[in-house]
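There are two complexes below, and they share subunit A, which is joined by subunit B in the first and by subunit C in the second.
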Partner chain A sequence: MIEAVQAWFQRLYETTGFNFTIFYDPYDWDRYVAGLRMTLLLGISTILISLVIGAVGALLQSGPSRLLRGLVNGFVVVFRNTPPLVQIFFFYFGLGTLLPDVRSADGLRTPILDNVQWAILSLSLFAGAFNVEIFRSGIEAVPRTTVEAAEALGYTRFKAYRHVVLPLALRVCLPALNNNLINLLKTTTLAYAIAVPETLYAVKQIWSESQNVLEMMLVLLATYAVLVGVLVWIMHRWERALRIPGYGR
Partner chain B sequence: MSASDRKGPRSEGWPGDLPVLLPFAIPENAPPARLRPVHGWLLCGLAVVALPAWAQAGTAALSPLDVVVKWAPLLLTGFAFNVAISLMAMAIGTVAGIGLGLAMLAEGRVLPRIAWSATQVFRNVPWLVLLFFVMFLVPFQVTVFGIRVPLPDWLKATFGFSLPVMANVAEIVRGAVRSVPNTQWEAAESLAFTRRQTLWRIILPQCTKRMLPPWMNVYALIAMATVQASIVGVTEMLTLTAQVHAAEGGRPELFAPLYGFALLCFFLYCYPIDRLTAGLERRFETR
Partner chain C sequence: MRHTIRTFLTLGALAVASALAVPGQASAADGVDAIKQRGTLIVGVKADYKPFGFRDPSGTIIGLEPDLAADLAKRLGVKLELVPVVSANRIEFLQQGKVDLLIATLSDKPERRRVVQAIDPQYYSDFVNVLLPKTAGITDWAQLKGKPLCATSGAWYNKDVARTYGAEIVAFDGSEKPLFALKQGNCLGYVYDQSMLQGKLLDDDWKAGYALPLKGILDAPWMMAVALGNTTLQTMVEDATKDWMKTGFVVAGERKWGIEPTAYSKAMHEKYKNATN
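== the complex of A and B ==
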């Protein structure tokens, strides 16, 4: 089966000149799959971390402390209005070089966070800033009376937030969240700029060695179309699973 | 019965629904995130904390603040170039996007399908990938009627940015036209307007107001995305920032202030647009 596919693409190259190396050259294929895996790692981890940042930020923003509210507001405003690429550079080059190095087991000096971790951190903060706003609008849609009812039942502020407010708010803001997470998945390509070997990076390596820019471009477009499609499908399923019965048409 | 009466003109939903089960509407009194004097104090505090670190930078070499001040004119020229790219991309993308959006609304079967798929493709592919696409697949010069027209890379980058703008504007146009009540179309038809006249003289003028805030949002996004051009080798602010860093001897403590300056420039440019958009959204609320 695999041999048949490889032979077919080899023949396609010989007869038409369309050189899809990744489908018959195991070395290129491995690089492509490694890139895809890195994109998935970036995508999934940043989505999860940014959701946590959004939830915690929205909790603090509705909290009693003025200082914390001010801090969260400032974080949201700054991260929403600056380019994510400059944020990544600022974190990776600016803050990364200010942090002290650690000595690894074999005596080499290595930075505390490597480029993949910095990319995850800065992309999560970027998307988290948007998530704070989204969750906040959802929380404000939960009526005051519901919170009061939870308080009357003896919930603490945090427990009421976790068990009552957040589940309701989440359902309200899912469409906006959907958009933001898709945007985040697309923004992971920016990690290319600090040499994180994700899909774009791997594909660029392949096309600069095999001289097949057009073919790999098509593969790249198809890859992201599929990735975004899968995320949209998952989010729609989730939306349907979370749907409150008796609501909507 | 009385319960459902009190809820007013809305027809969907059951009388006993919790308010949270009703369709979501952003509350009008929601205070959006915005800067207040307290943030100024926080920034001053940060600066005070950061100053000792700058003072340690040594006396022989320029302190990071001096470096930023010294190179600010060059960096600001780069920033102006970013703004120019974003404005051109926005102009091209808006014109093309209005065309694409109207094609999605056209009568017939084939044209709307094609326009719809083009919109979906250009919206769902990362901007950086589109940029690579244009940079690598568009030739560096084209021959028109025997005249060779060179295509410099900044021009190609502008085209690359106008593609996602086009798709987003097309969606905005489609959404805005769809939001105009059907009765407007019917009224125009009964006054013997043709379809084209209805669209240009009756529907689109009503849409412009609704399209303005999301259109400005797209502009803020594209202005922030122009820095990605540095990845494909266009000389703009980030490229210049890296060159300035190298020219100052590549000291690692310079990275944070230099990139911080870039962050500040974009923030000062995009934040007013963000506030203005939010203000317009509140004013134009058509509910």
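== the complex of A and C ==
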């Protein structure tokens, strides 16, 4: 089966010149699949961490403490006003040098965080800043009277947030959140700049060796279209599952 | 009528002027006799590639390749004029006659041999090597298996090194970022052109902690070039090259500029040392 596919693409290259090396060269195929796996790892981890950052940040933003409110707003300003690629470079090349010197057994300097971990950290903070504002839009859409009713029932501020405000806010802000998470999945391509072996990095290496830029570009675009399509489908299922009769649509 | 006469006179004047202007055009691409008559040998060299061609604090171009050019000028008995070139314009300068000869880290490639006259035997060869910290204790390419190596994205040898030695290539754009990453310890070494790595080792911040303990692989010869058809200069430079190989002039030059003589230079010296022609 696999040999048939490989042979077909080999013939395609010989007859038409369309060189899809990943389909007939096992080495390139392995690199491409490893890239896909890394993109999925980056995507899932940054989505989950940024959701947590967003929820916690939005909670602190509407809290009583001026200091915490200021900190969250400062965080949002810093990470929304700067380009994500610059943030990634800053974390990896800038902060990486400032962190304490850790030496391995043979005296070589080892970094505390490797490039994948820096990429996840940087992208999570970047998307988290946007998520804070998105969750805030949802929270402010919950009527004041509903929150007062929760207070009257004896909920503490945190418990009211968890059981009453957040569920309602989530349903309101889900379309905007969906948007941001899709952006995040595509923004993971920026990790190629710090040599994280994700899809764009793997494809770039393949096309610089085999000179088949157009074919690899098409594969790359199709890959992300499919990945984002899957994410959108998952989010739509989640939206449908969260639907409350009489609230919203 | 007056207009027609004026047009003809103008065209005639232009024709005469252009006929007179042509002989002075290809002054730099002429053979040995023309160079001797001119009294200067014009050679295109790099000015930003330590230690093959770079500037000293006063701005003069110095290095291994200017030394080779100076030797050629001495053999011809003329003065030397060095013209700084970069990769993007060096072949065009030669073709346009701005320089007689190119000694500018020019890699030997078939497309280039079609447009310029290469000088054989090739005077030098670059290799692929890995800049490693001295404390790494790596003495053989086989020890790189499974280790992360920083590299420049798009280099033609990255895949070869990864497949043959099992190293994990961590590729960045450009040649500055891999060096940053190496300094931070994100990879074991930096795989790149040996000549550039040798130049880096002449800098103080790399000299102390880093070295090139491995033997260079994947040799890529460099060639000197003259304009197509310049047979007298070609013959003269070819003879000079063989003489350099015989006397070990290039090996001595490498030692003078502080780099380890390459396997190619040593091999050529061995080969021509006892040659009778």
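The criterion applied here is as follows: the second predicted complex is superposed on the first by the 238 of 249 C-alpha atoms of A that agree within 3 Å, B and C clash if a C-alpha of one lies under 4 Å from a C-alpha of the other, contacts with A are read in each partner's own complex, and residues count from 1 in each chain.
Rule of thumb we're sticking to: contacts are C-beta pairs under 8 Å (C-beta built on N, C-alpha and C of every residue); 3 or more make two chains touch, one makes a residue touch a chain.
This one's a predicted model, so the numbers in the text were calculated from it and none came from an experiment.
Under the clash rule set out above, the superposition-derived model of subunit A with subunit B and subunit C shows the two partners fitting side by side. Shared-chain residue A:A193: touches subunit B and subunit C both.
Of the two partner chains, both subunit B and subunit C are touched by A:F93. Using the contact criterion defined above for the overlaid structures, shared-chain residue A:D25 touches neither subunit B nor subunit C, since it reaches no partner.
Comparing subunit C and subunit B on the residues of subunit A they touch gives the larger count to B. By the touch criterion defined above, A:A141 lies against subunit B but remains apart from subunit C after alignment on the C-alpha atoms of chain A.
Shared-chain residue A:Y201: touches subunit C; no touch with subunit B. Looking at the shared chain after the overlay, A:E215 reaches neither subunit B nor subunit C.
In this overlay, which is a superposition and not a single complex, subunit B and subunit C have their closest Cα atoms 6 Å apart. Overlaid on A, the two complexes show subunit B and subunit C touching the same residues of subunit A, namely 93, 97, 193, 204.
Across the complex, subunit B is touched by residues 66, 70-71, 73-74, 76-78, 80-87, 89-90, 93-95, 97-98, 132-133, 136-138, 140-143, 145-146, 168, 172-173, 182, 186-190, 192-193, 200, 204, 213-214, 217, 220-221, 224-225, 228-229, 244, 246-247, 249 of subunit A.
The part of subunit B that touches subunit A in the complex is made up of residues 12-14, 17-21, 24-27, 30, 32-36, 38-39, 42, 53, 121, 124-129, 132-133, 136-137, 220, 224-228, 230-231, 238, 252-253, 255-260, 262-263, 266-267, 270-271, 274. For subunit A in complex with subunit C, the residues that touch the partner chain are 27, 93, 96-97, 106-111, 114-115, 193-195, 201, 204-205, 208-209. Within the complex formed with subunit A, the subunit C residues making contact are 133, 135-137, 150, 153-154, 156, 158-159, 163, 169-173, 177, 180-181, 183-186, 188.
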